[in-house]
Every structure is written in C-alpha cells, then in structure tokens.
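Chain nomenclature is as follows: A, B, C and D, assigned in order of appearance, with residue numbering initiated at 1 for each chain independently.
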Amino acid sequence: MKTNTTKHWLYVTIFGTHTKAGRIFDISLIVAIITSLVVLVLGTIEPYASRYQTELALIEYLFTALFTIEYLLRLYCSPKPAAYAKSFYGVVDLLAILPTYLQLIVPNAHFAVIIRLLRVMRIFRVLKLVQYLKDSNMLMRSLFMARRKILIFFSMVAILVTIFGATLYVIEGPDNGFTSIPMSIYWAIVTITTVGYGDIYPVTALGKAVAALVMLLGYSILAVPTGIITAEMNQEMSAHRTLVKCPNCAKTGHENDALHCKHCGSELATPSERVVNPDED
Amino acid sequence: MKTNTTKHWLYVTIFGTHTKAGRIFDISLIVAIITSLVVLVLGTIEPYASRYQTELALIEYLFTALFTIEYLLRLYCSPKPAAYAKSFYGVVDLLAILPTYLQLIVPNAHFAVIIRLLRVMRIFRVLKLVQYLKDSNMLMRSLFMARRKILIFFSMVAILVTIFGATLYVIEGPDNGFTSIPMSIYWAIVTITTVGYGDIYPVTALGKAVAALVMLLGYSILAVPTGIITAEMNQEMSAHRTLVKCPNCAKTGHENDALHCKHCGSELATPSERVVNPDED
Amino acid sequence: MKTNTTKHWLYVTIFGTHTKAGRIFDISLIVAIITSLVVLVLGTIEPYASRYQTELALIEYLFTALFTIEYLLRLYCSPKPAAYAKSFYGVVDLLAILPTYLQLIVPNAHFAVIIRLLRVMRIFRVLKLVQYLKDSNMLMRSLFMARRKILIFFSMVAILVTIFGATLYVIEGPDNGFTSIPMSIYWAIVTITTVGYGDIYPVTALGKAVAALVMLLGYSILAVPTGIITAEMNQEMSAHRTLVKCPNCAKTGHENDALHCKHCGSELATPSERVVNPDED
Amino acid sequence: MKTNTTKHWLYVTIFGTHTKAGRIFDISLIVAIITSLVVLVLGTIEPYASRYQTELALIEYLFTALFTIEYLLRLYCSPKPAAYAKSFYGVVDLLAILPTYLQLIVPNAHFAVIIRLLRVMRIFRVLKLVQYLKDSNMLMRSLFMARRKILIFFSMVAILVTIFGATLYVIEGPDNGFTSIPMSIYWAIVTITTVGYGDIYPVTALGKAVAALVMLLGYSILAVPTGIITAEMNQEMSAHRTLVKCPNCAKTGHENDALHCKHCGSELATPSERVVNPDED
C-alpha cells in the first residue's frame, strides 16, 4: 500500500526527529516559527507598524497558510488524528493559525493583538526539540526531582511576602504608595527578589528598618533554591544515572557502579560492556 | 467511657494528621485560614473596601465565629488545656479571634487594621502541616545545621554595611540624600543586597567609586550564604544514602528508592520499613 | 614578683580569651564599642543631634576616657609594648581615642565627622573574637582557599565592565547620562551586579539591546563566585580537615581518613584515637 | 647564526612567558596597555578632556609609537609572520595602533571615539596571560564543560522573556511605557535578571501580578546557572585529586599539595614533576 508508506514517511518526518528528513523538517519549522514571531514583534514597533502595515499583513497570511498546511498534514499522517488534535501540541498548533482566520471575521485592533499573542505559544515546539538533547534532560530531571522542595520553598516565600507586605501596609499606609495589602505584597515580592524597581519604597524610618530586614532575608533565602538545584545536579552528575537499562524490568536510573537492578535485583550489564557515552540517540 | 472516646477522637482529628478525618480537618482549616486572609486583603483595596463594607464585615464575623468554635474545641479535647493555651500555636489561635471581639468594644479604624494583621500569623499553622513532609524536613534541617554559619555571615554583613554606610555619609553628606548614618546604612543594605530602589544613590564621583566597590563586594559575598546552604544540603542528601545496609553483603550507600542491593541483588528493607527520619519528634 | 603576676593576669585577661575573666572583658569591650557606635550613629540624626548635643558629647567623652584607660592598660601589660603599638589593632585602638582629643584642639564640624568615623574601625575587634569560633574559621578558610579564583574572577569582571561601559558610552553618549567612560563603567557595574538604581539607564534601542546582553551575562557570571565558594566549602566539609595535627612536623589540614602526614610522611594518630569534635579550644 | 639567535631570543621574550625576560616583557606590556586605557578613559571626562587636550594627544601618540614598535617586532621575530598577522591577537594588535593613524587622515570627533574604543580589545592580552594560571584554567574548563547546559538555559530564558514580554505588552499597552514587544522583552530581561532599573514597570493590577510571577520565576531560575557551574566545579575539584598515584601502595585520591601518601607515608612525585594540566596546548 503506497498511501500507507507515504503516510508513514510523512509521520516519521513531521513527528519524528530520528531521520534526516525529520531533522530538516524540524529545523525548517523552527526557522518558520521564529521568523513569524520576529515579524509579529516588528509589527508592534511604531512607526514601522503603520508604514509597512500591508507588507506585514501579507507575511502574516503567508505564515498562516504554511502553518495551516502543516496542521492538516499532521492530522492526515497521524495514526490517531483525534488524539493529536486533543493533545497539548495539537491545540497549540491550532491556536497558532486560528487567530488570523478569526481576525478576518471579527476585525478589532486590540483584540487582534491578544489573539496574535497566542502564536508565541508555538515556540514551545522549540522546547520539545530541546528535550532530545542529553544535557537538557539532565537539567529537566534536576528540576523535576527538586519540584517538591521548590514548591515548599515557594509556599514559604508566599507566607513571608504576605506577612511583610501586611506589616509595611500598616507601617507606611496609603499615603506613601502602599495603597492596599495586595500592592504591599507586590512591593514585598519586588524587594525579596532583589528587583527593586523603585516605584514603591518605604519612606518612614520604621518602614525602612523592616524593609532592610526583608532584603537581608531575601538575600539569604535566595540561597535556598540555588542550594536545592545545585544539590540535585550534583547527585545527577556524580551518579550519571539513566544510562543503563535493566534487561528484566527495563527500568533505568541505575548508578554507574551498580551490578544489580535496584528495582528487581536482576544482573545488569557490567560497566565495561555498557555504552558509557551514548551521544548518538 | 463514651465522653473520653469522643474527646480522644476529637483530639486525634484536630491536633493529629495521621487519620483521614484529621487530614480533612487540617485541609479545611487551611482553606478557611487562606479564605479569611483573602477577605482581609480584599478589604484593603479601594473602592471595594468602602462599597462592600457590610458584606466584608459579615464574612469577618463568620470566620471569627468558626475560629472561636475551633479554639474552644481545641481547649476541650486537649489533654492539657492549660499547656495548649500557653503554647505558641495556642496564643496564635487566640490572637486570630481576639481582634474582632476587641473591635466591638474599641471601634477605631487604624487600630482595627493593626489588630486584624495578627490574623496573618495564623498562616503559621500551614507551615506546621508542611513540617510533616519529608522534603520540608530536609530543608529545615539544612537551615538549622547552617544556623551558626549564617549568623556569622550576617554579623559580617552588619559590620560591612555600618562601615560603608558611615563612609558614604561622610563622602556624600545630607545634601545628596544621605541625611544620617542610619539612612546611609539603609542605603548600604539596599545596595549590598542588589535591590537598588534608586531612592538614594551616590552623586559624587568618589561616592560612586565606593558604591561600585560595595556592589562588587555584595556580588561576591552573595555567594557565601548560597555556598553554606548548598554544602549543607549536599551533606544531607549524601547522608540519606548511607542509611540502608544490605542484609546479605552488608554494603551501604543505596539510594532511597532502591528495593534491591546494587552490589549483590539481595532484597533490601522496603522504604516504608526503614527509619526514614531517625530524629522524628 | 607580685607586679609580674598582676601584669600577666592583666595580659591574659585583656589580650586572651581562654580565661573566664578574659571572656568577660572581651564581651564588655564589644558592648562598649557597639554602644559608642550607636551613640555616634544617633548623633547624626536630626533633630536629635542638635537637641541632645551636650548629652551626646558627654557620653562621647566618657567612652573616650574608657578606651584611653584600656589602651594604656594594653600598653602596660603587653610583653612587647612597642610591637603592640605598631600592630594593626594597636593603631586601630589609638585611632579610636585620638579623634576626640584632636577635636578639643581643632574644633571643626565637618572634620569632626570624618575623624569620628575612624571609631567604626574598632568594630574589627568584634571580628577578631568571631575568629575563635570554629564555623567562622571554616568560612574564612573557604574564602582564603578561593582567593586566587576570586581575584581572577574580579579581573574578568573588571575587563567586562570596561568594555561594556565604553561601548555604552559610544552608543548612548553624554546626552543620555553616560557623560564619561568612568560614569559608563559605573553604570556597567550597577547593571552587572543587578543592583539597577535607575539613575542612569540606556535610552536608545541599541543601548537597551547591549544592556540586555550585559544583564544576561551578569546573571550567568553571578554563578561563578557562588560556584567557587560552594565547591571550596564542599571540599572543606567533606574533608573535615585541620582537626588532626602531625606529631612530627605539627602541620594540620589532614583529611579524616589519612593515616600518614601528607607533608612529612609520619604516622598520624589513628582516626579512633582522634578527638573528633574538639569544640573546646 | 647570530641573527637567528637574536630572533629566537626576541620570539621567546615577546611571545613566551617561561623566561624571566619574557615575564618582564609581558608585565611591562600589561602596564602599558592599562596605562593607555586609563589615559583614554580620562580623556572622556569633562572639563579635563578639553583642558589637557594637547597633553592627552601627546601621550596617545607615544603609546601608539610604542605599540607600533611592538607590532613590528612581533612580525619580525615570529617564525610565521603571516600566520601571526592573521591570528586573533595579530588583528587585535593591529587594531590597537591603526585608529590613531586613521585619525591623522580622517579627523572626526565622534568617529575618533569609536575607533579609539577598539584599543579596549587589547586588554584581552591580559586575559591571555591569566590563562597560564592554573586556577584560571579550572574556571575556564568548568565554564567550557557547562557550555551546552548554559546554552540550553539561555534558550529557555529567551523563550520565557518573549512570552512574558508579549503578555505585558498586551496587558499594559503603550500608554504605560510598554511601547512595543521588543521594549517589553527588554522589561522582562530587566525584571528576570533582578536588575530592575525602574524606567519601565507595570502600572495595572494584572500587570503587577504577572510581573510578580516573572520575578519569582527569575528568582528560582537564577539557581539554574549557579547549579550548573557549581556542579561542574565540584567535579573539576574532585577530579584534581585522583591525578596522582602513590608509587608504593598505588592508591590515588591525594590532594594537590600532598608530598607523602596519606595511606602508607611513601613520598609522592613532587607537585612540579606531576602533569598538572594534562591537556596543555
């Protein structure tokens, strides 16, 4: 069946990254996404936006046409079109083309800017490609392993900024820019993260003293997420896990010096037999 | 004795977190605390505060009633009511309800805001729950182990900001915003923590040069607390490995999720059987 | 010889920290130094400075008298008075009392503020005490071990801020606040250390683009000193060096599992014989 | 052949750093480069620039003459003059002298400033010298090893600032300073790197909420490059240990400054005999 072969070839090329054609397609797609984003971005800079309105609109239609063809091809060659359409990337792909069509029906300047923004989400495809890189995997795994610790850390930060924000609201009051508790919490976040815009800052002596405390606290708790992620990365690096797969239960994540699977106890390939640096995926 | 059983059940539910009912109670309590805080926060935003004054006051009374019932139940079911009432959380629980009752007797707009603020301290109960999580324990223990080093570090920072603050006060003087040494110390803290509001900054060439030195110093001493906490976490993490010993080959150094010895393949004690947190209170 | 015994007792008390009297003296001295500094600091805040001028001057004379007695006692009981007078702390101790006497001869408001500032240097005595703490030693040793790496790092930062400062000077020019290359280097330091006062910032599009590059660079090189110090601390912590002393060459800094001195090869006390946690110095 | 010997001596002195004469030449050169840069920098500060115009121009010509002689000597003594002229440092050396000659032909105030700036690049020679230091090598190798991870990290940051920049552009709009998407991306970079100039900041409540999210995100992803570099440095530092092997008991893991085996006390190869930097170029 020739159709099937073509369909499969399309599937491997469009969805996969292991064939040469697949890689060419992915790189072309990324170039197209970034170019369309650059055009979108340039279209917000005055006076260029007004002067080249027609040209920018034309390029916009061209990219929409290209992404529409790509979307239809993805639907066609996917073994489960409905599953693809409902998946995260399926929705993102649709959202990348829908705005331009909607704009033809509902012309509205401000609304157009918002819906065009959705195109930005397409850039996540670039992230998807990045996932195939080994180093990226390590970064992601470190962040994933540390997810609970980071969550706890953010809960603590949330409590601290609430308490300090409310304290400054009471000390400084609406006259010095601390107009409400949410505004004061915003100030506390700006301060504890050491951003310090300078749009709101304490004016009274007591307010300055509490602010100094918040800063020094922020300064030292800044160390906590760094410590979490560094420690996870150290673990990941020294262990060099995930390289070996158990022949029995197929689970990975074994350390380099492991002789038996830590999940089922089966013997693993000896370290010398293992592919130490499997850079070719 | 039925009373005792009910009392014990109440105690386990309200104070404990190990039964299903206890967990439901804790989660409901946290939801109630956060909701009451959100209402408190919304009540400071104009023009909503004025417009919905009656509604917000009603919700405030409702939560006060709820927390009063909770406080009385805690006093009733606690084996040592006096000890509870005098404990940190006992005082916090009382402070959470007292302000609203005080407000009925002493109606005063500004005073009301300050006493309402005490409600925020109740959020520490959330922290208490967080303590039961293993990862939180690790974070806390790392911070606890590093407490002396962090104290020494802050002493050094205190000396540095005093010296640099006084130096800038002499160089810049009151005309450039450095009105007093405490104000200049505030500037030094804002600078060394890299917050940099921009409300006070050096104007003279010499002041700018010293400020640049303060910044670079701050930049590099920012590394010290990070180093302290990261090193402690690394110690904690590698310590977690050595807890389990293989019953067959007696080798240690297994990871926390290991079920089989990585050296000989023997079954290890399951994670639930292990003493995960040997210093549990 | 009774004089000698008194002299020796004074020496041990004033210069040493190992006897109880010595510790009491040191703590009293620190309290006196900090109190005199607090008075000095309060004396710069208007309108208190003008209102309590007489009281503040009196307290100043009292502390000067106390520190003069202390200085004379140190000279008297020191085995080598000349060596003490020429040492760093000897000069600092003299500078702490000299300004007030000078002020009696040369009354000058602004000059007085500058000379009074020298009192701040006395706070280094506090640091001296801090040195006796074990954890402080570890921090200091980590910083000392990393001194060359930190120096190289600052050389790189110096080169980067020169290049970026000069670049922004050419791009933005004197009209946008970048009045000279030193001013632009100041901007580069404010930016790369993420302080960001907002007194000078790029206005042109190209300037903003280069500034964004400087920020991202600063963001990632911020990691370098942290990495240096954390790695040194990790080494210090895992090795737990300095505990054991070689019986032959008296050098310390051996690792916990060392059986022989790494400097002269002599046998060391076996790990079990060693005082593992010699908290008492 | 005397010429050859002189040529070789010149080559070893000018290009090498291993002889005493070579080190003296390098240090003199660095002093000359830094002095010429200081003169260049001072020449941009008004009113000195106008007042000492003749003196500064004279010093400029003197240094240009010196660097011209150096450039010609480098061309003369280099075994492959063409290769040197085309190399990175060859081009930098030429660019350091060319501007002054060009200025004689094309006198133009603003153009002069830009071309003079190229002199700054000469400072890279200092970096070249720094490379010979062992600690610098370790820093560089850590950064080199982490280059792929840092690249992936910056790709993620680029995507995040694009998404958040575009979001704030839509929320705040041109009236609140977010005039275009590139301007909003600039704001996102200023915020995520915690610089926070305060030239652009969110004004609306929704904008402030999203900005708070950006800050907290920036706060925690600040940890990622630190984690990467620290983990690499840890690896480098522990790797440095395993290089030396005891000739008697064949055990490794000795520290860099160890003269005797810590296990059996045998003498180790002295640090100078060891291959300190096995990948020297």
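Here, a contact is a pair of C-beta atoms (placed from the backbone, for glycine too) under 8 Å apart; a residue touches a chain by one contact, two chains touch by 3 or more.
Every value quoted in this text rests on a predicted model; they were computed, and no experiment measured them.
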{"item": "Listed chain pair A-C, A-D or B-D that repeats interface B-C [over half of contact pairs the same by residue number]", "value": "A-D"}
{"item": "Shared interface numbering between subunit B and subunit A [over half = same, under half = different]", "value": "different"}
{"item": "Centre distance in Å when subunit A and subunit D are each reduced to the mean of their C-alpha atoms", "value": "31"}
{"item": "For subunit C paired with subunit D, centre-to-centre distance based on mean C-alpha positions, whole Å", "value": "29"}
{"item": "Gap in Å, rounded to a whole number, between the CA centres of subunit C and subunit A", "value": "43"}
{"item": "Where subunit D touches two or more other chains at once, by residue number", "value": "153, 182, 185, 194-198, 222, 226, 228, 230, 232, 234"}
{"item": "Subunit B-facing residues of subunit A, complex", "value": "148-149, 152-153, 155-156, 159, 162-163, 166-167, 169-170, 174, 179-182, 185, 191, 194-198, 201, 205, 208-209, 211-212, 215-216, 218-220, 222-224, 226-228, 230-231, 234-235, 254-255, 257-267"}
{"item": "Subunit B residues touching subunit D - in the complex, by the definition given at the top", "value": "194-198, 226, 230"}
{"item": "Subunit A to subunit D touching residues, read off their complex", "value": "37, 40-41, 44-46, 113-114, 117, 120-121, 123-124, 126-127, 130, 133, 135-136, 138-139, 142-143, 150, 153-154, 157, 182-183, 185-186, 189-190, 192-199, 222, 225-226, 228-230, 232-234, 236-238"}
